[in-house]
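Take this structure, written in structure tokens, and hold onto it; I'll ask about it next.
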Amino acid sequence: MRFTFRCPVRWDDMDAFGHVNNVTFLTYMQEARTAMLFGGDAAEQIPDLIKGVVVARHEIDYRRPLEWRPAPIEVDVWTAIVKPSSFTLRYEIRDQLADDGVVLAEAMTVLVPFDLVAGRHRRVSAAERDFLSRYLD
Amino acid sequence: MRFTFRCPVRWDDMDAFGHVNNVTFLTYMQEARTAMLFGGDAAEQIPDLIKGVVVARHEIDYRRPLEWRPAPIEVDVWTAIVKPSSFTLRYEIRDQLADDGVVLAEAMTVLVPFDLVAGRHRRVSAAERDFLSRYLD
Amino acid sequence: MRFTFRCPVRWDDMDAFGHVNNVTFLTYMQEARTAMLFGGDAAEQIPDLIKGVVVARHEIDYRRPLEWRPAPIEVDVWTAIVKPSSFTLRYEIRDQLADDGVVLAEAMTVLVPFDLVAGRHRRVSAAERDFLSRYLD
Amino acid sequence: MRFTFRCPVRWDDMDAFGHVNNVTFLTYMQEARTAMLFGGDAAEQIPDLIKGVVVARHEIDYRRPLEWRPAPIEVDVWTAIVKPSSFTLRYEIRDQLADDGVVLAEAMTVLVPFDLVAGRHRRVSAAERDFLSRYLD
């Protein structure tokens, strides 16, 4: 099952080339990931993640340019791998207004739960493993 | 030869975890890349690139967290590959204040020259190839 | 009549104090203004404004802090004054989740239509005056 | 005496109109203010302010547009008023590369010291009053 997030495009997400800046796609990924891991069911089921989680790696491939428009874009997020101390999410960023739901970018992120108080990484909890497993695709 | 860019950290680069947000490291890469490819000698020697260049792919590995401080960080950029229609840059983002010039992140970007008027990709020019070859490391 | 815009809060709108940064409220104003002046009916009725409009002045008073949450906030925008060469919008930024729809900030912006091709200010058109007059409150 | 801050322009500070976005000028003000109040001498002399200070009001008048360039702009900051529970700073944002050091924007901010732990405003301390008085202009 994928988690689908409708992400509005802000006007100043565009740069001087008149397209949404490449860096902003990482912000869209962050918004979708945050909605999945910090909001909704997650707020009750895995409340420790919002207290600290660190990005270890990103990969992103850009397929098509995007311009501002009033309608949001769609970001799919799903779980690729859950390891003892990290997990990997994958993303598909789509323009659902285009006839064929054209893919704008594909990406992945490796995340590491982090204990902000102790100042060090921690293991993925059983509750987090269960939650993430629902989104294996 | 590497291109070294001193990049100031803006106070609001930090997020609610009190660290510079992972997305902002891509902004630092963009700043270093822009200074290398659009500013300095590049403004005269490869003036077409500022008219259009597209990011095709990013990879980034985060090594250490960063907090705001008045001193800039250092971003090294160099050329990894030049192909007929694209080129790849690599980056090392360092905290030069730390004793050992600790590496905060390592990254790479694939870039494609783009003709904004014609609305399509174009080949890397001879001048661009020469310019980029100076920064092979 | 007021134009009401539901503006999502992005996770990294928060700064190291754990609140949405003061600067980001101006982004929320820009989003609401852009939706009112560039999107919806405006795209057909006043198509010249998206080609160029310049901010001449902002005033903003902050009333309450805001933290990230999945639900959007509400930004009301309405017309305060239309002059021959500029117009003034007012804003109320509210947390509609709070019992009393608490006001987070109040603000105003003076805007000047701008001809990007000619590189100079231009007068408010009759169509723009009509459009803006609908939102006098 | 004014506090002068040299603020680099980031490439993506520009929006689709090819100018630095109006909101970003508030970021430049924040950078200058932060350097003045959190960095340098301030880090030792008024260490409590970085633990919490809230913006109560901004006013800004935009005079000239700004495009990206490798050279920083200059932001002057100085103290206008110190009251028991708030203080007001003024700013002049200049393009020092232009022949006449042209003013790009003029602005002011009302700030309120804030105790993040207690969750409420606090009075301006004697040390803060002394520090701010140095920058009366």
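Remarks
Just so it is clear, A, B, C and D label the chains in written order, and each chain counts residues from 1 on its own.
Rule of thumb we're sticking to: contacts are C-beta pairs under 8 Å (C-beta built on N, C-alpha and C of every residue); 3 or more make two chains touch, one makes a residue touch a chain.
For clarity, every value in this text was computed on a predicted model and none was experimentally measured.
Bringing subunit A onto subunit D by least-squares fit of CA atoms involves turning it by 180°, to the nearest 5. Between A-B and B-C, more contacting C-beta pairs join the chains of A-B. In this assembly, the C-alpha centroid of subunit B lies 34 Å from the C-alpha centroid of subunit C.
Measuring from the averaged C-alpha position of subunit A to that of subunit B gives a distance of 23 Å.
Residues of subunit C in contact with two or more other chains: 11-12, 21, 23, 27, 30, 68.
Against subunit B, in their complex, subunit A makes its touches with residues 17, 21-23, 26-27, 30, 52, 54-62, 65, 116.
Interface residues of subunit A facing subunit C in the complex, by the touch rule stated above, are 8, 10-12, 27, 30-31, 34-35, 38-40, 68-70.
For subunit D in complex with subunit A, the residues that touch the partner chain are 11-12, 14-16, 18, 21, 23, 68.
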